[in-house]
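These notes are about the structure you will find just below.
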Amino acid sequence: MASITLDTVGKIYAGGTRAVTGVSIDIADGEFIVLVGPSGCGKSTLLRMVAGLEPISEGTVRIGDRVVNDIEPADRDIAMVFQNYALYPHMSVRQNLAYGLKNRGTPRPEIDRRVAEAAEILQIGPYLDRKPRALSGGQRQRVAMGRAIVREPAAFLFDEPLSNLDAKLRVTMRLEIKELQRRLRTTAIYVTHDQLEAMTLADRLVVLNGGRIEQIGTPLEVYRKPASTFVAGFIGSPAMNLIPSRAVPGLPGTAHAGIIGIRPEDLTVAPDGPIGMDVVAVEELGAQRLVHGRTGGEPLTVTMPSDAALSDRLQLAWRPGALHLFGAEDGRRID
Amino acid sequence: MIENRPGLNLLAHLTLMLGVAIVALPVWVAFVASTHTATDFMSGTIPIWPGPHLVENYARMLDAGVSTSGTPPVGTMMLNSLIMALLIACGKIAISITSAFAIVYFRFPLRNLAFWCIFITLMLPVEVRIVPTFQVVADLGLLNSYAGLSIPLIASATATFLFRQVFLTIPDELTEAARIDGAGPMKFFRDILLPLSRTNIAALFVILFIYGWNQYLWPLLITTSSDYYTVVAGIKRMADAVDGLPQWHLVMATAMLAMLPPVAVVIGMQRLFVKGLVETEK
Amino acid sequence: MKRTIFRNQLLPWLLLAPQLAITFVFFLWPAAQAVRQSFLRQDAFGISTQFVGLSNFKALWNSPEYLNSLQVTAVFAVMVTVLSMGFSLLLAVAVDRTIRSSSLYTTLLVWPYAVAPAVAGILWWFIFNPTIGIMPYVLDVVGYDWNHISSKTDALVLVVIASAWKQISYNFLFFVAGLQSIPASLREAAAIDGAGPVKRFFDITLPLLSPTTFFLLVVNIVYAMFDTFAVIDATTEGGPAQATNILVYKVYFDGFVGQNMGSSAAQSVVLMGIVIALTVIQFRYVEKKVAY
């Protein structure tokens, strides 16, 4: 168990390409942190620097109170779960779990005890003597987690561990990971490009873009008060409507903002509403429907109950306090 | 099959049977000859069917040989061949796999130069540098020794490339997982790379065993003491010696014995053999 | 290129050391010696050597024996390649048609690969033995008086057959693999377009097989030029009257039997040039896959 501190960490590859710039995060002991962002945002690089798989070009990484910049991955007291699981194909599940412990000279009975415990937690007992090849995707995923658990590390590092699973299994495993982390109270850093996964798992989210931090906060903070148009557009589904203020002139209190953000679920149909929308298309989701249209030439999406009346033109209002204002040039939030 | 043409299928089978017959002909003739006695050849042509002297001829060659030819018993020569083939196969695999490991998993100065040094051996077969190589081996005092028979032949670019190819297909994450699991380079090599390359090693072994067993020019040059004659190189000495006296039945028995081990390996491990052959040429 | 590497600096050199040491001592150093000696000439007693520039090479160029050897090698290599590849392709196409029994035929056809070239030479030498061989007996019936000990043509034919026989399995395996990698749908499409089996073979199969064919062409030429030493030495020893004296045999003979070091070294250098050219062709073109 340990806290992890990143202090102005940066990564420049041998070719001179910059992947990460000035990232500082304080992760508390037992916290579940999710690094989220589009592909190429530097999230995996950041995780791999914490793991020790990439040299750290700038800044320092601390695990506990130890600076680990020059410490081998095996000695950082971390465990990692890989996207493709990276199970040793020639070893049985049991050997896969035990390999790291064996290398550290853990006594045999202790290894057996920890493997049995992990197998119990993850319900992989029946497969212990099988080869990874003979397991399903979900079972492999559990074994990969088991390999992390048996080490009883100071921190778990997850590198998009669910992206090779089908949608249904992903939801189940997501829950299991959350539960497991709660139970073990082990610090975790989790990388994903899936904002829903990020929202559901994280104690705190770190939204990354272009190698820099856009925002750090709890899922609700990030959802309710996105720090920039990038975060606003990335977190939340369907995505927040971002409209140049000139497309909806005369909205109260928006005079100084360049861009106005309204979540589709914050818009409601009101005959005297200040925003008029021409409906272009309707997507039925079952409980709700998404109505896509245009206002002042800009695209706009509204979530409506599926029994609400539809017409070609709708007048819309928003819930109080649901307007987000962003600067025209930098896209930063204006409060 | 696209359309059913019994005529064409029949033709295919006939072609193949004829092919198999042509391919087998010389061995059949040799086998038949090896089961007769010298007098059976006096009539002018050799018999078509096997004679009754199989055991007698083979037993004689295995433990006595033909004394007049100056060659030792075939049993001794086969043992020498076996030692040489095993040394060459194992040696090539050992030095190639470590080289490939170094080249794939490390970055160090002059790495490219090392790679090219190995690559260039492809372009220098023994036959084209035979005289100076012989001089080097003679200067090192390796004539008439197992070391001299095998070591100069165990540098191999093909095997190194094969292992390099194999290693490149092993996912990076496996190496990373091993690093996090506390495996240093040699531990990773032993615990992960070697087991994962097992079938490639076996396939390569089959090819290299045949390569080693069938060496001719090199053993012929560097063995002057009959203690180190190999069977493939010895057979020619025997054939030369018997040119006067027609002891063809004994030469053919030796030929059969000389081809038996590698042929058995190819037929017994056909799948590994084909894999090895196709992979080493990639 | 690997993303993950180990950082040690000394270890890779230790791992490479055996291979590099052997390469240096038994490959690079002798090759360098061959190049050096090709510019030198020793006197008759081997006491003094002098630098003679390119004169060893000029001597080769002016030597009718060497030119003859070049010609013999070319004829020999072409004959071995054509005979072996043609025969193997025929068998491979036949096996490709007989799905059920193909593995049996394959087993029956691959084993000559394991027979040493020297042994192959001895086997065919025996079959064609003018006094007791079976083939001269058969040829005598059709009126041909076979004698490879005196006839230059007969001797060349003998070594070509022995060398080609040994290479059949190799070519066969690669042709079968090549044929199997051609999608059946292409031939089916051609069949629907009204092309019969023979037309399909020439219009579809053969062009799509060209990468394999080209690869085998290079391999077979290399084989015929360098790996057939044992066949020659075990049978004709270059004779009669130089009729089968291919380049690798001549290097050996001039160096070891003739003790003509300068000339042998110059011949080695020429051969190295040929191997390097063939290797470059192989890597350049085979990697790019001919035409497809």
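Labels A, B and C are assigned to the chains in the order they are written; within every chain, residues are numbered from 1.
Assume a contact is a pair of C-beta atoms (placed from the backbone, for glycine too) under 8 Å apart; a residue touches a chain by one contact, two chains touch by 3 or more.
Chain-to-protein mapping (UniProt): A = Sn-glycerol-3-phosphate import ATP-binding protein UgpC; B = sn-glycerol-3-phosphate transport system permease protein UgpE; C = sn-glycerol-3-phosphate transport system permease protein UgpA.
Only a predicted model underlies this, so the values are computations on that prediction, with no experimental measurement involved.
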item: Chain whose Cα centroid lies nearest the overall Cα centroid; value: B
item: Chain separated most widely from chain C, comparing mean CA positions; value: A
item: Separation of chain A from chain C, taking each centre as the mean of its C-alpha atoms, in whole Å; value: 61
item: Chain A-chain B separation of Cα centroids, rounded to whole Å; value: 57
item: Computed distance of Cα centres, chain C from chain B, in Å; value: 16
item: Shared-contact residues (touching 2 or more other chains) in chain C; value: 4
item: Multi-chain contact sites of chain B, meaning residues that touch two or more partners; value: 176, 179
item: Chain A: positions in contact with at least two other chains; value: 53
item: Contact footprint of chain B on chain A as seen in their complex; value: 51-53, 72-75, 78-80, 82-90, 99-100, 103-104, 147
item: Chain C residues touching chain B - in the complex, by the definition given at the top; value: 2-6, 8-9, 11-13, 15-16, 18-20, 22-31, 33-34, 37, 87, 90-91, 93-95, 97-99, 101, 105-120, 122-127, 129, 131-134, 137, 165, 168-170, 173-174, 177, 184, 187-188, 191, 197, 200, 215, 219, 226-227, 229-230, 233-234, 248, 251-252, 255-256, 261, 264-265, 268, 271-272, 275-276, 279
item: Residues of chain B that touch chain A when the two form their complex; value: 171, 173-174, 176-183, 187, 191-192, 195-196, 198
item: Chain B residues touching chain C - in the complex, by the definition given at the top; value: 1-3, 5, 8-9, 11-13, 15-16, 19-20, 23-27, 29-30, 33, 41, 44-46, 48, 94-96, 98-99, 101-108, 111, 114, 117-118, 120-125, 127-137, 140, 151-152, 154-155, 160, 167-168, 172, 175-176, 179, 184-186, 188, 210, 213-214, 216-217, 220-221, 232-233, 235-236, 239, 246, 248, 251-252, 255, 258-259, 262-263, 265-267, 270, 273-274, 277-278, 281
